[in-house]
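Note that the chains are named A, B and C in the order they appear, and that numbering of residues resets to 1 at the start of each chain.
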Amino acid sequence: MLEVKGLTKTFGALRATDAVDLEVQEGETLAVIGPNGAGKTTLISQLAGNLRPDAGRIRFAGEDITSLSAPQRSRKGLARSFQITSVYPEFSALDNVALAVQAHAGHSFRFWREARSDPALIEPARRMLDDVGLSERTNVLAANLAHGEQRQLEVAMALATRPRLLLLDEPMAGMGIEESQRMIAFLATLKRRQTIVLVEHDMDAVFRLADRIAVLVYGRVIATDSPEKIKMNEEVRRAYLGEDA
Amino acid sequence: MTFALLFEQLLNGLQFGVMLFLMAAGLTLVFGIMNFINLAHGSLYMVGAYLAVAATQWTGSYVLGVVLGLAGTLVVGMIVEVVALRTLYERDHLDQVLATFGLILFFNELVAIIWGRAALFASGPAWLQGQIDLFTGSRYPLYRAAIILVGLVTAIILWYVVTRTRLGMLIRAGASNRTMVAALGVNIRLLYTVVFGFGAALAGLAGLMAGPIYNVQPGMGELILIQVFVVIVIGGIGSIRGALVGAIIVGIADTLGRAFLKPLLGTLISPPAAESAGPALASMLIYLLMAAVLAFRPQGLFPARGG
Amino acid sequence: MLVLLALPPLVIALGQPFYLDLVRRIMILAIAAVSLNLILGYGGLVSFGHAAYLGIGAYAVGILGFYGVTNGWIQWAVAITASALVALAIGAVSIRTSGIYFIMITLAFTQMLYYLGISIAEFGGDDGMRLNAKSQFAGLVDLNDPVAFYYVVLLLMLLAVFLTYKIVKSRFGMVLRATKSNEARSRAIGFSPYPYRLAAFVIAGAMCGLAGALYANHTNYITPGLMSWQQSGDIMFMVILGGMASTAGPVLGAFALLLVEDLLSGWTQHWQVILGPLLILSVIFFRRGLAGVLYKPDA
């Protein structure tokens, strides 16, 4: 479903992304791991359309999307969640998700009917919030949600756009143990019906959720394999997991 | 239209451009480094003009008047920065626009209270009256030539400071990545005050030089300020080089347009139509130029932040 | 609030005609403020050139009148359409930029129109032009009647507020507000900000053009000064004084600012030297007007 070839991005002398090749099959969950500074978020940004690569191609569902903007990619079915929470703070959780639903419900040049009372937007939004476990908090302003709840909202908004591929950038960033467990459980159910590219630090999550793992070090993919094989890969252990993993 | 006339207007354009540059250089740095939109920059220009005139009358000496005028503008600029503007650096552009707008009202009225609303008479010094001979055979006012000279010298000094000194390096770094400079432990507040002071002094210089040529009156700053904005948009925010190039382009385009568009149009369409279309088009020229540049390079010609 | 507005017409109509004039002027400018609030308060576009549309609307009435076209329907339709077209042109170029660029560019374009107004001598140039006759709405209403005119303005102001209210709550309004709140997030879920912002810009321009047409009828005199950046600044202040978070806020802001201006100018001809610092202080301390209990955006 997603095919990345030779993706390269340099900032001055820094090669943030170095000739990266990736392939994601429909229905699978690919985890991207790597030490800090490996360029994981830069990679996601290029996949989502927030950053233009200097070289390389990206194909999504058979179509070359390298030159498409972020909104265009979203409309093609590529959804992204942000590592640093990026929601609409002054809107309620429900409004937040409803906006995501609205973005994919045709054009929005409708000037008369009130959006907040439109069932075509509200119903799917409610369902999405139920799914991620925020049904009790629909009317709370996003700014007033707990950090973990905001991360859940991030995922809900990405899901509300009914994506064909989910790019999740450290969905569990900053979450406590309990919240992380809940998110992992939720992602585990999500796995079954979504294609996911997951960037994460939490190794527990990675090994439980990933079908395959790609290891990124200094912008280069040094290994792409099944979790067991990655665990045993010498190079990976040295670069990332440490000798005593 | 003779070559001599064309050359004379070119010089006028250069002179206007040089003044625009003095205003634009300081302002573009303030925009780029401090991300602060300062509408009151024109007020500093006005203050420079008024203080120089007042100081010259008071001391009887033009040179002393210039020095005092410059120093005075610098002081006023610093006071304004510390008292009113410091709190606004962290605020969004809307707040900055509105607050500096309030400053404009205040300064314009203050000046009117002290000196009245009528335009003040400012003459250059006796040793700058007179004309010089151009190679084209015609003569050009010495005062305007002096302005061009001062402007170019200032440009060279600025270039030296920005590219060859440590302060200049900080300025360039700050213009392209403000947060990084702060993170490196540089005393950001001091840097801001210095940059702002720079800008104020340059504006004051432009103002006091402008006195004898343009009207010294309340509101004079705003007339030129908007043209300065055009210069900055064309040249790119945060870039002194852009300010210079933009200023020269705008100065020359505007001057030549005002001088030659009407007669030029008169040869293409009927003279009566050109009578109104000419000046109208001339006054719109630099804005159309700005729109054209924006169509191709929304960041201006030499933006400080990497493309 | 709305009650306050409906009562005075009755009371004042019996008393001082001066107040009728004053409140009418305030309401006309309130319409301009309401239109600016759409793109500024809800859209986050700091447009410093909004007074341009006041001028365009006013000159539309003036110029058509000059050539003998005094039919109000035609005049006002042209005022609105011309403003919309100019807004489309200016917006198309400006909205591609952001931040400081956008502010400067909108200011520059307005200034361009101002100079254009000055340089066209037939229509009075710098001095402006007189209106021969008010817009004629044969049979419907006579604008020469101060009270009738007053009610027309009141009605249009309420209409402007109502329309803005509907727009802001609609899908379109939500996109606009979302884009202001968090542009990156909006793009990530699939909204391209540009078309929506441009549309809002045009709508705001058109509404302000109507205010301009009303203004011309109110003062019987049209000068390029109507398009000056000082006028733009005034309108902006009305918006923030009233609180940008509500559709009726700008109306309050208009009343607040213009009544203060009226009061101060009664004291001294140098009232701006007091108003200036007042405005500065209000920006520094009075953060978002009567904005209510909403989340304060990050600095």
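Please note the rule applied: a residue touches a chain if its C-beta (ideal position, glycine included) is under 8 Å from a C-beta of that chain, and two chains touch if they have at least 3 such contacts.
Small disclaimer: the values here were computed from a predicted structure and weren't measured.
Chemist: Identify the chains adjacent to both chain A and chain C in the sense defined at the top.
Modeler: none
Chemist: So, comparing each chain's Cα centre against the centre of all protein Cα atoms, which one is closest?
Modeler: C
Chemist: Indicate the whole-number Å distance between the mean C-alpha point of chain A and the mean C-alpha point of chain C.
Modeler: The answer is 43 Å.
Chemist: Chain B to chain C: how many Å between their CA centres?
Modeler: The computed centroid separation for chain B versus chain C comes out at 30 Å.
Chemist: So, what's the distance in Å between the C-alpha centres of chain B and chain A?
Modeler: Between these chains, centre-to-centre, one finds 48 Å.
Chemist: Pull out every residue in chain C that's touching 2 or more other chains.
Modeler: 297
Chemist: Which stretch or stretches of chain B touch chain C in the complex?
Modeler: 31, 35, 37, 84, 87-88, 90-95, 97-99, 101-110, 112-113, 222, 226, 229-230, 232-233, 237, 276, 279-280, 282-284, 287-288, 290-291, 294-295, 298-300
Chemist: Could you list, by residue number, the parts of chain C that touch chain B in their complex?
Modeler: The touching residues are 40, 46, 48, 93, 96-97, 99-101, 103-105, 107-109, 111-112, 115-116, 118-122, 229-230, 233, 236-237, 240, 270-273, 275-280, 283-284, 297, 299.
Chemist: Residues of chain C touching chain A in their complex?
Modeler: 166-167, 169-175, 177-178, 181-182, 184-192, 195-196, 199, 294-295, 297
Chemist: Can you tell me which positions in chain A touch chain C when the two form their complex?
Modeler: That would be residues 48, 50, 69-72, 74-75, 79-80, 82, 86-91, 95, 98-100, 102-104, 108-116, 118, 121, 141, 143, 157-158, 160-161 of chain A.
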